[in-house]
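In the two complexes that follow, chain A is the common piece, with chain B as its partner first and chain C second.
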Partner chain A sequence: MPRGRAMMVRVRDSVTANWMRLVLGLISVVAFIATWAVVSDYLADTDSDKSEYLPGPGAVAEAFVKSFLEPVPGFDDIRMGDMVASSLIRVFWGFLLALAVAVPLGLAMGYYRAAEAMGRPLVEIFRPIPPLAWVPVFMMVFRSFWGPVSIVFVGAFFPILLNVVFGVRSVDPRLIDAARTLGARRGAIFTKVVIPTIIPYLMTGIKVGLGVGWMCVVAAEMMPIQGGIGVGYYVWASAFSYSMYDYTYATMLVIGLLGVLTTGVAEVLEKRVSRWMGMR
Partner chain B sequence: MDRKIVILTVAIAAAVVLASVATALYLDRASGDDSVGYVNMAPSLMEGWLAGNQSDAYIAWEPYVSSSVVSGTGRVIMWSNEIMPNHPCCVVAVSEDFLAREDGQDLAARFLKAHIEANRWMAEAMADEEGANYSLLLEMSAAFTLRSPEVVEEALGHVEYGYEMGEDFLAALKQFTDMYVETNIISNETLSDLGFGNVSEFVEDFVDESLLEVADDVEPSGTILNPADEDAIRLGYLSGDIHQLAQFVAQNRTVGGGEKSLFEVYGLNVDPIPPYLNGGVLMDGFSLGDIDVGYLGAPPALQKHANLGVSVKIIAQANSEGSGIVVHADSDIHTLEDLVGRTIATPGETTIQHLLLKIALSREGIPFVKA
Partner chain C sequence: MTACIEVRGLSKVFVKGKREVVALDSLDFEVADAEFVCLLGPSGCGKTTVLRVVAGLEPATKGDVMVHGKRVVSAGPERGMVFQEFALFPWRTVRKNIEFGLEIRGVPEAERHAISSKLVDLVGLEGFEDSHPDELSGGMRQRVGIARALANEPTVLLMDEPFGSLDAQTRNLMQKELLRIWSATRKTVLFVTHSVDEAVFLADRIMVMTARPGRIRETIPVSLPRPRDRTSPEFIAVRGKVLAELDEEFEKAREKELSPD
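This part shows the complex of A and B:
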């Protein structure tokens, strides 16, 4: 078979394969939206008590678009973009603080037996506590901006820490021996052997931590002491204060998209950084 | 490799600087020099929050106002009747499903009669501070709100109890609804979907004065008219809200003459269900068919009636006035203008307290923004 032909076959196969995936994916999404519309219509037609709690996809889509273009119900000057910005800022700081504390701690715990022995019991005690259990204290002490930030911090801290510890443990001792044999000093071993190995582990921690961070910020913003604005706050307010459930679902959609977006960015960064630093 | 680390460090540092600027702008957003910022919280948290210097002021209903004053934590800079004299506050609402029951109209009128008599009893008790009924009233208030007699005595003095709904009442409800429409919490589209051309039509349809007239002629009943558990009137009310004391008084057998409570005197089997945290949640209780009659603030009733399509009617007032703005006892805040640049806690954007504060600030031309 001539070369060009073989390539065409490969391209065709790959298109068919991806095309099938696309179609199957579309089918499931369309089926979901259709079921949603049918259930919502059924509730409305039968005058069900529950009908107001499940607006149809059309109403939610309309609220989604309107929330970005016009001030959201309850406010004369705040749009969904402002809600997103303030939640993003909280996630960013919580996450950054977690990174700044968890990475050095993780390195120490992975590197030194004593640090590991000291850190492990604390980690095992605090890790299983859901970050949201801190809400009552943190919201009172740190108030409406740093409160959610500190809860994001707790949520993102453990995935990063544990992944870094695991990364350091995974460094091949033979590589360290080899580097030492070639006359590398401690610092050089650290930057040339240890760091490159842990980057993929660190990135896994970052991805997981970001996901948890979003869940934390949404829940923290929903708490009874509400200052500031944010997507979590608006999920709460649109439902409990205003009973505008189309906006509630629209905000939930925004949160979902933001989660996908931030972990997507983390994934791209991971690939870029790994390739750029010549680790893969 | 080292150069790459330097580049990476610079990139991260740049991101941090950018984010710091964004954060500073964000934190600065609400604390402008010309506006009053607000946060939302449950009134039960407000005193502690103020005591810990976590907020500069709060607005709440009694007994959360007097509680701070009596304990020495707070000082009142303005009572709600200074913002709107005789303003509506809590109301009695009844579900339309209940009214549609065969005995619904009759039972609702009897319920109102007990409500009216409880109000009369309270008025008489308060008129004679030496009387045994006054001590009983304080005792009941303390039991209902879980506060000390000193706090409830102070609080009772700031609440106007009454059941009648006049023109002012309707006008105030229309004003609150207009404010909701302004901020899109109720849309004109929603009102027209419900079949109303304007806010006035909506409010007038929501308020039903006819049962109060019928209630006047209700006579005591020798027997309970709805003895079966499944026929009992399921009563919803807010946790420890002294504005809603009438229903608690109507349940008390000493008040009813020793043998029966006022509800029982008028032939009613009333089943109070566990209290709700706020009026919005209570309206959801109506919507889900959990309660037949409820005591709640007029504004959340209006708002959920429109947006959730909760089928209820307002059939009487429970009280008017009875909210206040509290600051720290040694605060330098004495007037509304002094609140500029500070943060005040409110029980939520759809509450009467929030709306009244908004009215007061807009009169002074002071913007009111989420802190």
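This part shows the complex of A and C:
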């Protein structure tokens, strides 16, 4: 019986723990918004010349809602949804291109010593360069659409590449032996042993790559290039061109929420894949 | 008796940097059809290497290995292998592990399912078909390993200390289970172990290997009827004989380790 009781206590503990987590999380969010409101009100009351830079939570919330319903300040027919779509499509292409190049390259570098020896020096030189260092040149050359796409590509490329290389290295030689004694040759070893082994590593690369890619698109879009729209562009334009700071913060909030969403999707995908593969 | 496995003048030299290590030195032996032979020796004597060469996982430096008159050049499904660390595919269920070799050979799904179901029954894994290896105990995992090797209907079963990582109780149970499976399938078994007790319990014949470089020191037939009683005077007598052979080799190996070169 003591075991049963211990288990019940533990279940109850975990339920209260979940409630506690929720409550504690809410407390900190509410405290943050309250502090923000107090500071913003104080600046307004004292007629500070900095007060326009910090609108209150109410104004930002209003701008947030309005930005999705009406065209945003500075534009006749563009809403926040269009900005979001424009940025997402850039992340999508940059990420897809990174995946298409990094996965075969990672497989080659993991598999063949020669490929590894050839690739390693370039990887070591280019990897420490922040993707944002490419912004000036790539934006000038590739302009408003392919510019951000190429920055996202650079940002997502290395996490995917390195994780795939590491995944290939992690293949258990005993499993290859087992597969060989069961009649598998090179092709079957690749599809039935190597690929299943690297999938969790690839998923980690994808998760990290998506996060980095999302940051890259925002930064790249801030470079003022004619004809571009997107959340990064609008963070910049709403402040510098239109002085609509409530919209600036609203756009920042949109960026944050989209980041959470992208990571969330990647995590669900990762869990799905690992459950499908039978690894818990 | 027809020879199933023939090993002639088998030598294996490993090159480690500039040093050459002679692991096996002109080994000769035969295993007959449906015979159960244990390869016994002190650790590091190269008994696993013998098994890997017969499996085709490792090339011989010199000499020949023939299975059913055909020279072994690479791994093949007619020689099933069971590994000490199980080597199950962790992302596959029990059933999918067993069906691995059948998938490779392109056996249609319905047939695969029928074969794996039969093997699940044979090795006693009913109810665990959809479990993953990490949900199973060591003994259960090795049942999967055995079933997986049997799925290809090999004529030879190569077993590399398959029960080495199991606790004593499970080990004894698995030895009995293996003999049951063996008598049901009549495979030729080459079984590597360092346990004298295990060898005497299982084998028709025990080949005791010398310490490095590995050779066959002595072949000891075990004619006790099965099931064998570990406490019977006959069992203990065979055990004593094998142990004496092994002890001498163990001493030699120790002396070699202690001597300056």
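To be clear about the criterion, the second predicted complex is superposed on the first by the 263 of 280 C-alpha atoms of A that agree within 3 Å, B and C clash if a C-alpha of one lies under 4 Å from a C-alpha of the other, contacts with A are read in each partner's own complex, and residues count from 1 in each chain.
FYI, a contact is a pair of C-beta atoms (placed from the backbone, for glycine too) under 8 Å apart; a residue touches a chain by one contact, two chains touch by 3 or more.
Since we're looking at a predicted model, the values are computed, not measured.
Trainee: Look at the residues of chain A and decide whether chain B or chain C touches more of them.
Mentor: If we count touched residues of chain A for both partners, the winner is B.
Trainee: Classify the contacts of A:174 with the two partner chains as first (chain B alone), second (chain C alone), both, or neither.
Mentor: second
Trainee: After the superposition on A, what does A:143 contact: first (chain B), second (chain C), both or neither?
Mentor: first
Trainee: Report for A:240: first if it touches chain B alone, second if chain C alone, otherwise both or neither.
Mentor: In the superposition, A:240 contacts chain B only.
Trainee: Considering only touches as defined above, state whether A:193 meets chain B (first), chain C (second), both or neither.
Mentor: Touch status of A:193: second partner only.
Trainee: Look at A:184 in the shared chain and tell me whether it touches chain B only, chain C only, both, or neither; answer first, second, both or neither.
Mentor: second
Trainee: Quick one: classify A:74 as touching chain B (first), chain C (second), both or neither.
Mentor: first
Trainee: Can you list the residues of chain A that touch chain B in one structure and chain C in the other?
Mentor: 192, 277
Trainee: Under the stated contact criterion, what part of chain A meets chain C in this complex?
Mentor: Residues of chain A touching chain C: 172, 174-175, 177-184, 188, 192-193, 196, 277-280.
Trainee: What residues on chain A touch chain B, complex-wise?
Mentor: 49-50, 52, 70-78, 85-86, 89, 92-93, 96, 140, 143-145, 191-192, 224-229, 237, 240-244, 273, 276-277
Trainee: Would you mind writing out the residues of chain C in touch with chain A in their complex?
Mentor: Those in contact with chain A are residues 55-57, 74-77, 79-81, 83, 85, 87-93, 100-101, 103-105, 132, 134, 148-149, 152, 158.
Trainee: Taking the complex as given, what residues does chain B use to touch chain A?
Mentor: 1-2, 4-5, 8, 16, 19, 22-23, 26-27, 30, 39-42, 45, 49, 52, 54, 182-185, 187, 280-281, 283, 287-289, 303-304, 307-309, 343, 348-350, 369-371
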